[in-house]
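In this document, chain identifiers A, B, C, D, E and F correspond to the written order of the chains, with residue numbering beginning at 1 in each.
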Amino acid sequence: MRRGFYIGRFQPYHNGHQSVLEEIARWADEIVIGVGSAQLSHTPDNPFTAGERVLMITRALADLACPIYVIPIEDIRRNAIWVAHVRSMTPPFDVVYSGNPLVMQLFAEAGMEVQSPDMYERATHSGREIRRRMLCGEAWENLVPPAVIDVIREIRGDERLRQIAGTDE
Amino acid sequence: MRRGFYIGRFQPYHNGHQSVLEEIARWADEIVIGVGSAQLSHTPDNPFTAGERVLMITRALADLACPIYVIPIEDIRRNAIWVAHVRSMTPPFDVVYSGNPLVMQLFAEAGMEVQSPDMYERATHSGREIRRRMLCGEAWENLVPPAVIDVIREIRGDERLRQIAGTDE
Amino acid sequence: MRRGFYIGRFQPYHNGHQSVLEEIARWADEIVIGVGSAQLSHTPDNPFTAGERVLMITRALADLACPIYVIPIEDIRRNAIWVAHVRSMTPPFDVVYSGNPLVMQLFAEAGMEVQSPDMYERATHSGREIRRRMLCGEAWENLVPPAVIDVIREIRGDERLRQIAGTDE
Amino acid sequence: MRRGFYIGRFQPYHNGHQSVLEEIARWADEIVIGVGSAQLSHTPDNPFTAGERVLMITRALADLACPIYVIPIEDIRRNAIWVAHVRSMTPPFDVVYSGNPLVMQLFAEAGMEVQSPDMYERATHSGREIRRRMLCGEAWENLVPPAVIDVIREIRGDERLRQIAGTDE
Amino acid sequence: MRRGFYIGRFQPYHNGHQSVLEEIARWADEIVIGVGSAQLSHTPDNPFTAGERVLMITRALADLACPIYVIPIEDIRRNAIWVAHVRSMTPPFDVVYSGNPLVMQLFAEAGMEVQSPDMYERATHSGREIRRRMLCGEAWENLVPPAVIDVIREIRGDERLRQIAGTDE
Amino acid sequence: MRRGFYIGRFQPYHNGHQSVLEEIARWADEIVIGVGSAQLSHTPDNPFTAGERVLMITRALADLACPIYVIPIEDIRRNAIWVAHVRSMTPPFDVVYSGNPLVMQLFAEAGMEVQSPDMYERATHSGREIRRRMLCGEAWENLVPPAVIDVIREIRGDERLRQIAGTDE
């Protein structure tokens, strides 16, 4: 049994994440998905709560053949103990899938296997673009799975983002 | 759609929890399961990590008809904001199932619907009894679902408990 | 101008506190009242929120000739920095009125003047007795100022205490 | 009885805040004033301690007809639980007066009544201008109530600001 | 080069610790000494600050042939990440010397070599006995190295202990 | 006996720090060296753990005539209590040697003697330059004591820095 780990902030979960996870699902028997910066919400860069992000991910991956565990991970602001923090909150995993240099370094120093194919790059920056479109009232729906559109509409997520964007904190 | 919330420490997850959740599954369309005191592990009263408990619960409920979300909830040591903390980490829910007086009071003060049938009492204290049996080398396996036995054996959970039980912290 | 400092948990504020503060008011021009363990509420020993306690104190002392500042003080769990913490949250004061040995020692080590007449002993343990009476349904109203009775009734404080008393945390 | 809530950092408290509070005093029977980022002091943007700010506000509003409660509020860095945190530290209030988009959104999501007349905009940025003047040795005294001048002089607040402004933290 | 790690609370540092460290010095080239619960002081069980304990240890071991590093370690209240926390604060070490079951288990789970000869038992409980004697005004000086007597006298440590012992927190 | 205090982040410890400490050693009988922001590591501005920095400093100062205490100091993010925090973690000291305006102000407000000769300016910004050179693959070795080169090579510190520099946190 091979269990893989993938982490992101998912603000919001989008098609880039979806394609990465579909790729990981080919190699792993189970996937643990960490929802990073879980304690943040209601900021321009982190508009959604951890619970809302858990809902987006679980709904969007409902048809994935591979079993998933979606786990909120609060920031601990201490890189040297972050890996231990992540591992304490998640089922044991064998391999980390990440293109983030810090994540790769921290797990590598901890002696974990890290996989970082080029494709993982795709997920980068799209969250920022989606939030920008929401703010400007442009179409963002085509960048996320249909289930995510439903969740954001249900919680009026784009309204929330526009409302809080006037603040600097 | 009716989503219910149930919280426990699950040290370990046992047959009492299982029967309560099977009962809740009759009434709710989806269940959010909070794994409380998520930051605690390796103590006589809290031997298992949040991740290990997530694994136990997910495996034991693999055949439940009702979709579940299993979410670690770290203690926040401030009762007045605990409900907000829980809600930020979980998908939105409509009703809380609990027999714990503090949990009931806090959600009630927050204006949430709380259900507390007598059966929820059953889950109480069994965790303590199972940990006692592990410590004394008595048979505990009949008090937990088969999937939980597998997880505890895989992580050598009962050995860990016996080892740490000599300490007072 | 002589500003005095007095701290307590005020769970709840009672006649013992009231008489101590009336005594202090004879000596000080202004009084800073610290509401200790401000982050705690909804426990058998700390049933009321800091805000509720601020309200009790302010109402009960409405007719005191001496101006007061009522300031919630969160626990910082580090005795060596507690005095600095208190001083950062309060207007500058000249003398500390306390009968608590730890409070006296910490302010004395910080070079502050500490006054501890015998009368300050009176306030001890009454909070515990009042909470016990609330739990048992006995009369507690004669132990607190009338304004405190109003606040506790408004927030249904005694009901809350009885409800949460079944829990151990 | 209608109790209103107003929050700011008050670095320092100035004439803009004063006029807003005088306006609120027409509508509310009592006002709860939250002193935000209470744990911050001795930085270029947050030179004054919470206690010093409490003193400024209380002194400046000594003649206000309306009773006030001045409460330090420490940052909790988790927007989703910030409203619960504020409410636990303050007497119960009915309406929030704010022009800050994040504050407005968070209280609105919590189901609270929020009032935001145009005039609340006036208070913005003046704190920054006053701190800039203190740094440059320009006259700032006409931007704050007389009582605030006294407090800042007593604690040598402008000297402190100039001293720490050379640091980057 | 073989660097060893030894941890204790050292409330206060005593002859039991001294003999254990002299024993470790035979096997290790350098010793890292962790001063546990560094954030605690001024309580009956933890009367001395971390800095005071660093001073006791360094003075008492001034003549040890083996180089030592004395490092305060704050509690992190999360056993699953405690080892990573310790390792981030200390120079890299190869072997842990401990007789504490929890410490042994946590380092063993992290894959570290743990040595636990019977002699390490000796250090247990003596701290408690020394504090008891200080409280009762009995002779305690023969249980600690001479350098520790000097430090405790300089800070009036036994007076402090007697003063705070009347409190329950 | 005159004990001096000097604090820095030491990312990494370099020749500027070395010459300042050699200067302080002329005036003080013992030196307490605080390793600031101890909890940070694995970021572009703070690549090294506290333990690694303790090792660099102790090794580089092995031949200093003056006894030293090297103490990790975690950030407490509250300037008003920072001095008390530092003092709780360190042996008592008589004079602070610093050229940092905030450090100077905080210790001065606490009534401590602060020395700030011009030479302390030299230490500034060199850490940044060394990290820049490591990132660019330029020679940095001549800016640090030989013992520091050994430590950084042993932990592959420059590789770590280059690896994590691609991230934004």
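By our rule, a contact is a pair of C-beta atoms (placed from the backbone, for glycine too) under 8 Å apart; a residue touches a chain by one contact, two chains touch by 3 or more.
Nothing here was measured: the structure is a model prediction, and the numbers come from that model.
Enquirer: Give the fewest steps needed to get from chain C to chain F, where each step moves from one chain to a chain it touches.
Expert: Minimum step count, chain C to chain F: 1.
Enquirer: Quick check on the interfaces: A-E is repeated by which of C-F, A-D or B-C, going by over half of contact pairs matching?
Expert: Overlap exceeds half of the contact pairs only for C-F.
Enquirer: Just grab the chain with the largest centre-to-centre distance to chain A, centres being mean Cα coordinates.
Expert: Farthest from chain A by mean C-alpha position: C.
Enquirer: With centres defined as the mean of C-alpha atoms, identify the chain lying farthest from chain E.
Expert: Between chain E and every other chain, the largest centroid distance is to D.
Enquirer: Let me have the rounded angstrom distance from the C-alpha centre of chain A over to the C-alpha centre of chain F, please.
Expert: Going by mean C-alpha positions, chain A sits 37 Å from chain F.
Enquirer: Using Cα averages as centroids, what's the distance between chain C and chain D in whole Å?
Expert: Here chain C and chain D have centroids separated by 25 Å.
Enquirer: Cα centroid separation between chain B and chain F, in whole Å?
Expert: 46
Enquirer: Please output the residue numbers of chain A that touch at least 2 other chains, ranges allowed.
Expert: 39, 41, 49, 78, 80, 87-88 - these are the residues of chain A that touch more than one other chain.
Enquirer: Draw the chains as points, connect those that touch, then say whether the picture is a line, ring, star, complete or other.
Expert: other
Enquirer: According to the definition of touch, which chains form touching pairs?
Expert: Pairs of chains that touch one another: A-B, A-D, A-E, A-F, B-C, B-D, B-E, C-D, C-E, C-F, D-F, E-F.
Enquirer: Which bits of chain F are touching chain C when the two form their complex?
Expert: Against chain C, chain F makes touches at 76, 78, 80-81, 83-85, 87-88.
Enquirer: Can you check the complex and tell me which residues of chain A touch chain F?
Expert: 77-80, 100-102, 104-106, 109
Enquirer: Which of the residues in chain E end up touching chain F in this complex?
Expert: 38-39, 41, 49-52, 54-55, 58, 67, 69-72, 74, 87-92, 155
Enquirer: Over in the complex, which chain D residues touch chain F? Could you list them?
Expert: Result: residues 39-43, 49, 160, 163-167, 169 of chain D touch chain F.
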